[in-house]
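Next, two complexes with chain A in common: one pairs it with chain B, the other with chain C.
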Partner chain A sequence: MLTKNEDPPHGPSICFEMVGLCLNNITILQDVSFTVKAGNMHCLIGPNGGGKTSLILSLLGQTPHTGRITINWIGGTTIGYVPQVLDFDRTLPITVNNFMTMICQNMPAFIRTRKKYKDIINNALRLVSMDTKGERRLGELSGGEMQRVLFAQALIPFPDLLILDEPGAGIDRGGAKVIEEIMLVLKKQKVTMVWTNHDLKQVRQMADAVTCIHKEVLFSGTPDEVLTTERVFQAFGATSSGP
Partner chain B sequence: MHTQVVKPAGSSREGLYFVLTTAVVIAVAAICIMHRTRAEPERVLLEYQISGYKDLNSFKQGTFVALYTAAMEIDAAHDNNEGTWLSVKDLQERFMPPFAHDRAWAMSGKLIWTQKILNKDMIHATAYLGKPSISDISGSFLLVLLHDHSTEGDYQIREPEHDEGPFKIWYSGETDVDFPERLSVRSLAIMGWKEVIPYTGDNEMKRIKG
Partner chain C sequence: MPVVQRLAESGWLPESLKYAFVFNSLVAALILGPVLGGIGTLVVTKRLAFFSQAIGNAALTGVAIGIILGEPYTSPYVSLFSFCIIFGMAMVFTKNRTKMTTDTLIAVFLCISLAIGACILLYVTAKVNVHVLDNVLFGSILTVNELDLNVLFVISFICIFCGLRFYNRMVLSSFNPNLARVRGIKVIFLEYLFILMVTIITVASVKIIGAILVEALLVIPAASARNLSRSMRGFFFYSATFSTLSCVIGIVVPMELEIPVPSGGAIILVAAFFFAVTTAIRWLRRAYPALGKI
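Now for the complex of A and B:
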């Protein structure tokens, strides 16, 4: 499942140049400039309300940002996105399999899942250990299970760029480990990943690069270079909602 | 390798699409309306016809409009009552203007109505003659209704006399007229009766807008 036909796969590089975002006269981002290298796992850290999710949404073209965001595609142009939360009516009579089917095909999911997508969906769910819960109603899933499903949907079709907005938030330890393992495999496959993360230990262990954002870029570089105790304290110490 | 610039989301493009879609809908509607619009053919009054709009004063117009409405009722009642015509008394009991003796009736010259039924085989016809009691307000009105029941079967016989509707309304400036023996257009025209042609939409527009 976690292979792409093109060999070797390469994710794109991304360049943020003087990116700004102002909503309702409130400045959320200002002069954000940094580069995500091709095939890198790039973490975005910063205090809550610092603008990480807004930057992710700007990268997806979902906000009226200023400045310039360019994606330099090398191979394919598929983007996978794992949102922080999925806002939906929990009484909706829709199963995990229905949800995954909606991601894959244009034909309404309630009619049937096309045969060619069945295996793809099962494999994606198996990767996050959710293949036995395919017929469970989406509203019945726990927060952690929902995160796994959201992660699984981002793998279909296989992404060249994977954008993750705190996929570990609210997830159980087992689930976090599963997702971590998959991300390491994706890293080996040279998929570019932009990942907002609060877990600095995980960032140190896994990330190729890290950018700290609090309205503007506080620091950016490799974890070894920039994640010094002093800088982290400076970034998070001033706010009551640190990591 | 190719470079993609992420476009900021904005309402400007959505607004543009909305305006364009609206413009297309309006343009299509305008084209359809222009394509389907037909100018109403101008009605030329024949020698024996007068216009309800131009040639009748307000009292006569009142009687004419009431008679026009009553004619439709009489026609419908004829269909419902298995071919019998409503009498003047029936109409008065139903408070149907201009037959009912109400205030408008008094102001419009107190027309006294009489009726003749002229059914012949399958052709049912009747006429109501209204003569004024007050001569300087109104002349006489004649309502002629015709039903050719033979056209309801397999045989379609055209009604040249009443090809535009089941009734005609006639007016005469004379106050003391006899009930016409024959109700054909030709006979009535010769006797000096004038067929009253109702308002058209254009007439009404002219009346309102001037």
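Now for the complex of A and C:
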């Protein structure tokens, strides 16, 4: 499942130049400049409300930001996005399979899932150990199970750039491990990943590079270089909310 | 039509089908039922139940404007469509520009529409008997003619085409607009399109169900279907079935039993009956989980 038919994918590099964002006269981001190398797993850390999600949305082209964000595509141009949450009525009779079908095809999910997508959906759900829960209603899933489903949808079609907005929030240990394993496989395949994360231990273990955002870039570099106790304390200790 | 008439005369079909207006209204019911039931699942999923009520109220104002402008009071379609579409589009435009919450915005627009309607109605009563408006408000099968059926055919075709083509994308847009945009879905366009679909099908339903009650048929069958189903398939097909049965029973039963009630009222009462039964079933399933397997 985690391979493309063609040559091994190679993710793009991304260049943020003087990115700024101001909404309702409140400055969210200011002069944000850093580079995400091709095929890197790049983590964004920072205190809550520091602008990580806004930067992700700017990268997706969904905010009226200033400055420039350049994505230098090398292989394909497919973006996978794992959002924080889905906003829906939890009593709706929509199953995990229905949701995945809606992601894949135009034919309404209430008619049927096309044969060619059934295997793709099953494989993606199997990767996150959710294949046995395909007939569960979305509203019945725990926070962690929902995150796994959201992760699974981002793998269809296979991404060249994977953008994750705090996929670890509310996830159980088992789920986190499953997602970590898949991300390591994606890393080997040189998929570029931009990942907002609160778990500094995970960042140290997995990330190639890390950037701390609090309106502006506080520090950026490899985890070994920049994640010093002093800097982390400076970034998170200065605000009331910790990592 | 002649075939149906002959079958009715020879006793194979109910005698009332001999009459053109009965036949027309039943055809309308058979078209409207599945379309309203299907769109209703989207209305409930997107949490826009009150929006359809606002459009229903706008329809009343549209009729009043039509009569003032000299359109026939039984089918003032130009004014109806024009006013309701402008009204619906203005509502979405304002929502996107102001980021106001949907319920506040709908309440504001609903009141504005009613206020305009109330002012214009004063002039309308000078032109026509005010009881004519009862038909618009609560529906009347007696007034359904071929023009209404043709309008209904065209509108239903547009709604079915757009609904089937964009159903998944409309649901995804409401779940997470950012995710939808990343997947290439034109969220704003689909928002306008959906509101347009609800608006035109509401206007096309005014003759049968009535302006005030159309909203109910967009919401109650879908709510009943939600009580019974565990997947989108059940949700959609139960909703379409309940809606169609409500329309047909609501038209046939009062006619056969000669009960003088407006068709819209009867249709909604049947839909409400389905809702009560399905709610009871859901409650029983929860109270006695073994029943859920039956």
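Criterion: the second predicted complex is superposed on the first by the 243 of 243 C-alpha atoms of A that agree within 3 Å, B and C clash if a C-alpha of one lies under 4 Å from a C-alpha of the other, contacts with A are read in each partner's own complex, and residues count from 1 in each chain.
Simple rule for what comes next: contacts are C-beta pairs under 8 Å (C-beta built on N, C-alpha and C of every residue); 3 or more make two chains touch, one makes a residue touch a chain.
The shown structure was predicted, so the numbers you read here are calculated from the model rather than taken from an experiment.
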Chain C versus chain B on the shared chain A, clash or fit after superposition: fit
Touched partner set for A:102, first chain B, second chain C, both or neither: second
Touched partner set for A:205, first chain B, second chain C, both or neither: neither
First, second, both or neither for A:135, with chain B first and chain C second: second
Touched partner set for A:62, first chain B, second chain C, both or neither: both
Touched partner set for A:86, first chain B, second chain C, both or neither: second
Inter-centroid angle chain B-chain A-chain C after superposition on A [Cα, multiple of 10°]: 20
Most chain A residues touched (candidates chain B, chain C): C
Which superposed partner A:110 touches (first chain B, second chain C, both, neither): second
Partner chain(s) touched by A:27 [first = chain B, second = chain C, both, neither]: neither
Partner chain in contact with A:73 - chain B first, chain C second, else both or neither: first
Distance of closest approach, chain C and chain B, by C-alpha atoms in Å: 8
Those residues of chain A which chain B touches in one complex and chain C touches in the other: 60, 62
Chain A residues touching chain B - in the complex, by the definition given at the top: 58-66, 68-74, 77
Contact footprint of chain A on chain B as seen in their complex: 1-10
Residues of chain A touching chain C in the complex: 57, 60, 62, 79, 81, 83, 85-89, 91-95, 97-99, 101-103, 105-111, 135, 137, 153, 163
Interfacial residue positions of chain C with respect to chain A in the complex: 41, 44-45, 47, 163-165, 167-169, 171-172, 174-176, 178-179, 181-183, 225-226, 229-237
